[in-house]
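Some structures are shown below for you to check.
Both complexes below contain chain A, partnered by chain B and then by chain C.
What follows is the complex of A and B.
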């Protein structure tokens, strides 16, 4: 690995898959790539329904204010306007937005969120009035004529200030701004502190980041008066759960709602369900009796944030570098309340501690606080970046204090490969892993001592380079009690009389290729070519129930259940073929290359399409004992998920725990504060990979999100609470020339708990990159006596840390 | 309806070889007219401020972010979207390389990425990786981390070079 380009090694995965896999384990191309490349994919905003009208929302200019009066008369009078509606108008029509996850379910405070507020606004940019018109231009013109009279209230943007005595309250009925507080962990830190060799303590901060997929949100609701049925098209990760919640919102039966999700232009957590506009368009369509479309602009996507946490920690350690106990306090700035379950990021961040380290005593305390920033949004890796940052900082600090090599400190603290499945001090059951193996693999191509010597030499020239390690363990495949976020998705596999195969599945694809990977799995199981297989996702009238794409589930649960369903169909094909080929034992029928063959008798063979056709047309003759269907629907349960509390009151909500070790090399320009990533060496373990190239794509995308979070992306507000970072000129997504070439390798430790040995791979790379870059920057500037503890490590933060030393 | 129709003007464009005239709101951006009035939806609106590049088209031979131009300013222009890059449903060499190298995930950025890559290779048939990264730096991608996009442009350059020699 020389940094010259993408280096991928994945031989292990193909070898670990069952013999006879024609496709699984190989990086076949996207099945529909040609359609994407010709611009023939219709995304939500490309839909044109007959009679479609357009909704434009009037937004609050104030961060916190009471709504005194709304004058819609002038807007109503504009040509082409179909309706102008306020929160008060709609409150009589429809219920509050159902929670994707209810904070009250975990001891938090809930607020009945309306699609438009009735009495007050709690962030600048909050939608207040909806204008529906024949065209978007007409709606925009009318929206400009809506007059809202506000009474400004004091606002609070900072989480600590929001908890102070006398702080302005967003939701007065709570009597506080604390939405949720809780603890996770085992044992008493105080006890281990007494006997420890030393204790480190400190603080970390992460800036507010936006998921910012390239495609903003877009929803089209179509209430059909004749059938009393709503068809909803839009940017969603979770069609079935959304359908359930739309029905509840509208007060109709679930069967009266159909959700269709066209291909999505990236989601990253942002397009899970619970956003007000998802429901608002439904109410508007029912009122105006026509399809209503709402499309988001870029600025609005940047009102939704994640991370924005303050982490305080203390860690007790021995002279040998072993960490005996950690205590941490996590404070998350939620911004305004949301129904998306985004508060769960603090919970997941707490539960993911103490990462993959064997730390027996762990006390985590978390607080989620509402402020007058825009709402929190789910975003990969869903709070787990906090746990990685915290533990990787602890390990660095312990190395500093003990004088041990920071890489060696990790080795001494990692859960060993012979300890799995391993119960962590926060109650998780880590399925499998070989963390030392990851580091060994990184070091195969990274000359640690040589690089350190080179950095020492460069320091003599006034150049500051550093090496940093990052390590992540990502709880994935979540099953949340009481919420429509589960770890079991359903797939149907169907073979037609012609031998063509259709897969219907409840998981969706945000563009990552899981549809192609599921087709690979099914084609192999049935012994047919990929060309014979098609897949349908994202339509609740057609697909079996599923949770969409959240918590890295596509191949894990959708692929796993499709494999089981395909196996059922394959069994039937073998029985029919055995009858047709006069073979007594269906177990001797091999399916492959589109043929059913008797093992050891190659001339005894039939095309699989002929076998399928025969069952449909002459089943009573060729297969009298076989039920005449070539269709199966399956799912499975994750056997390591535990919702009943154990003796310590702990649960395991996650099924797989993919992991990675990264080593970054950075150079810090001490004159400008600019950080450049020179090398980013990564070894991942997400178990068996069905399509290694798709997996790598997930990681490289995550890495760039992580580099953005580490070095540049930050949602900022002006003192009055308005958004300062209102577009991509100020909210700085990494561009192609901002990131280095990556060096990537894999280790394959199959999960013992999933049908295919796969683990979630959709959230990898973000947390690890944030940690490795932070540690590398601190390694670079440590000789100057400086350190940074706040991300993104923008130039001004580097310069401030250096100036602190000068004083 | 008078005020609304007052804003409509006829706009004639040739889009992917098809010559057409439509009534367009004179306040529309070119990308809005292409998508809403001409039904050419291959270019996407990702930011409307010229930062993401998802709306990129070739306008009279130049690669243009169509959210940065008013539609009426394009009167009479010859516009190519990625749908018009290769005839009869085939893929051009850059499109083919993007497919082979898995150079996209959600695909929303493809208009910009493919046209920026084509533009680079038309001027510089043997670009270095650094030149490729610079050439696509006006286009944002949130999915891939850019690595495979760079690989695709490199592959396209190699194939085009081999075809020429």
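What follows is the complex of A and C.
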């Protein structure tokens, strides 16, 4: 298959970037790193507004119950209490929470979610009543006096049980607990199965994981009675979409809302928009006429889940190890409904199949089911771990059945580097890649045969080590029709009369350094030093529109549009400088090291600051034809996004497809089931890297998340539906000494579609680590006849699998 | 943040602490390092009206006695780690303290006395002090009582202290020159509580044969599980042959295994054997200075 006649434009800026760039491509340190290290960064909870009050929420102790009556009298009477409000009180004031993505838009079921429920609760820990008081202590004390009378209802936690006949229904009006069901893919598995050499089938399960950023959520809403404007400060990835959403919620004009996003301590998707408290504080502030702050505690962050999927698959293959068709069923346990668009994780997981393999026949079926667990939350890599786990398991199984080397089976099935852009059987258009090159590069530093021989020797001593390969292709830079999630952003570049540069972006930074990377891009294009450049992000009154930092696209969209804007300003500088240096051709002016120089005439030079100053002050003399501003605002459209379905009903929502191959080595303690990761060798390809240090930082975080998902992290509930894993002593997030030294290398295959040749780097490492560790564990215990197919690979699961063999 | 108003008393002496706690024992709580009680209060799982801080009550000394060492109730893990006396004469306690989960912050804040009184199944202290045959010295309005460690733990999160009683010290018999120790802690990650622990002490005669053996399992049941291995090990100069029987006895001793979020009871019972073997193997290496021989994966 090829690109289907799609026009591929190669932006020459990628080439320009490679040419004479002082900063881009180098590991410049964060422009504000010292301030983070010295504790000078003010996070949302550091905000103290005059007259600020504090909201505390009364939470449901029950997983599923009707709210019969709420007695707030005792709480109202406490000193310092400003308001005690129920869902019914608020329903009269404000509308339901607007959906970040509407499940009904893709054939699913929607429910009008209120900031506080009016008639029933659907998970333990769901906020029911809001108490606003002068201090947090007063609010806490009053909250303990609120009495809610519940009528308990039967609850369901398991996705399969939730689909059974007679299961308790969370949203009775649906008549089912299935929120969304659909298919992706092409062709008939049944047809290829009949002619196949063999078929493997199996099941995989992933445990429920939490985004768990170091900084929980915190929101401060400030309704100003005098101007009828709301200023919202808080932990958000998406200031502009949130502003739109808050305005709709409050029933005010968008211009009446300002969203300000202070630096955040990690987001991972959790701080996109759509959480009830984001809107609740707005309503509370308007009611009490004062700023209202709400701060989340650690336990609450662990009520939000992701993954929690059951994957069933069948794959048909030839004797040569070529996979001719795959069919799979994906069942996602969403927990309670949410307005965050988190259901899209199942959709993305389905679309991301069959990964980077040239499998022509692919049938994926997905179902998203609501249960009485806490809600799904968006979390990197947004469901795509399912696709990597599934395909990497299929490849291992095919290798086992055919007797071929599992690494060789990958090579035989990968999309070849000369086949890009490649249309997958689920409709995605893979931009570029060299998957075999990734593996070749891994094997430069990994002695496969030697390691296998060593493992065979160690088995004689009763030690069980294994090697596992993981491979991921991550659709990123999403543009979702009908939602404020897009693959473009606006950036403004502005040069002052003094030559200082301000960059304003619609995109924000979750703390990953994309702001510094964007500054690098702009500094290079204007030929100025980094310390001449500053950046403003995350304020809707100041910054141009942007979709925020979602879908791994901060540098792609924010950096790409900033590059174009900087080029416009640079063009003007060249024209002004040409006039001042008596050079006829502005094309001969080179900007660099803070100087404008005539090419080939080094003595003909001016400081760029002088050129800028001249345009502002003597522009009518030195540059009569140049508009008297040094400011440009630009954006761009991705050429490969296709929303209009083709004849086969397929569409492509994604801009870039970063990819990676990992090889893990683990040792399994067969007496205790403990797994230790000894080596984790990684080669990534995210196209052009503006700042390799930040790329490695992103992958390091992703890998740690992946290792946690593979081995330790699992949200658990008691039989009554209450949360059991309420902190980091029971929800086992890896710590520094739990992970091996990472061996990270890069391959650079530029995207032909993006202005700078970059691809996403924000979601990498999670899926690949889950797959490589699972495969390594199975490689280690396969000689004992055992295998695991459920993550996290907790010691008790390993031991149970080994004991099963014993019996 | 603690939701309700409460009074805080920095007790100036043990007597003052006992008087304050005894006045209304149902609504007051003693605080040692506070690493368990304060988070509990923050989470609203308990709402005492009075918190009595023992850190100012002069209970922090490590005092050598006649054949024993008294470790004050508010001695922190760091105090134990830093004590040459503890390292030399209470090697098992020292070993345990160095491997406490939570890093330097917990070592500096948490107390061995507090952990004993909290009696949590998933903590290191109960099995170790049971193996060491420590005695808890407790004080209440009715006077002083001495409780042997094997009677101190009555259930999960339940100690034999009566309402209003305060732990003053833990008294440990000093290990002989010929005693070697082993400690094995199985946990799932650096931050995880212990899933299963085994504390072992072996005493050797002049001929290099075992003259006494102690083995206590922790984390596997509500309270520490002693495993009688004397008849298997006494008289042996190496443990190799007895190890299989050690494992099956350890496993059989876990009759009512503890289940929590980190591991089901069936798993704890299954690993009791290997964990016991590893602790004894550590003791048989006869080097008390050896670092922690924990097992931790993720």
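One rule holds in what follows: the second predicted complex is superposed on the first by the 790 of 807 C-alpha atoms of A that agree within 3 Å, B and C clash if a C-alpha of one lies under 4 Å from a C-alpha of the other, contacts with A are read in each partner's own complex, and residues count from 1 in each chain.
Convention: a contact is a pair of C-beta atoms (placed from the backbone, for glycine too) under 8 Å apart; a residue touches a chain by one contact, two chains touch by 3 or more.
Note that the structure is a prediction, hence the values are computed from the model and not measured.
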{"item": "Combined model on chain A where chain B meets chain C, clash or fit", "value": "fit"}
{"item": "Which of chain B and chain C A:794 touches, first, second, both or neither", "value": "second"}
{"item": "Contacts of A:79 with chain B and chain C, given as first, second, both or neither", "value": "first"}
{"item": "Which superposed partner A:375 touches (first chain B, second chain C, both, neither)", "value": "neither"}
{"item": "Contacts of A:676 with chain B and chain C, given as first, second, both or neither", "value": "second"}
{"item": "From chain A, separation angle of chain B and chain C (C-alpha centres, steps of 10 degrees)", "value": "40"}
{"item": "Which of chain B and chain C A:560 touches, first, second, both or neither", "value": "neither"}
{"item": "First, second, both or neither for A:757, with chain B first and chain C second", "value": "neither"}
{"item": "Which of chain B and chain C A:144 touches, first, second, both or neither", "value": "second"}
{"item": "In the superposition, chain B vs chain C on chain A residues touched", "value": "B"}
{"item": "Partner chain(s) touched by A:735 [first = chain B, second = chain C, both, neither]", "value": "both"}
{"item": "Superposition-derived minimum Cα distance between chain C and chain B (Å)", "value": "5"}
{"item": "Shared contact residues on chain A - chain B and chain C", "value": "136-137, 141, 728-729, 733, 735-739"}
{"item": "Chain C contact footprint on chain A (complex, rising order)", "value": "136-137, 140-141, 143-144, 299, 669, 671-677, 707-708, 711-712, 716, 724-726, 728-730, 732-739, 794-796, 799-800, 803"}
{"item": "Chain A partner contacts - residues on chain B that touch it in the complex", "value": "1-4, 7, 25, 27-28, 35-36, 39, 41-49, 51-52, 54, 81-83, 85-86, 89, 91, 95-96, 98-100, 102, 104-111, 114, 129-130, 132-134, 136-151"}
{"item": "Residues of chain C that touch chain A when the two form their complex", "value": "1, 3-5, 43-44, 186, 188-193, 195, 260-264, 266-267, 270-271, 274-275, 295-298"}
{"item": "Partner chain B, residues of chain A touching it in the complex", "value": "5-6, 27, 29-30, 33-34, 36-43, 45-46, 48, 78-80, 134-138, 141, 212-216, 263-266, 268, 297-298, 510-513, 693-694, 697, 699-705, 727-729, 733, 735-739, 741-742"}
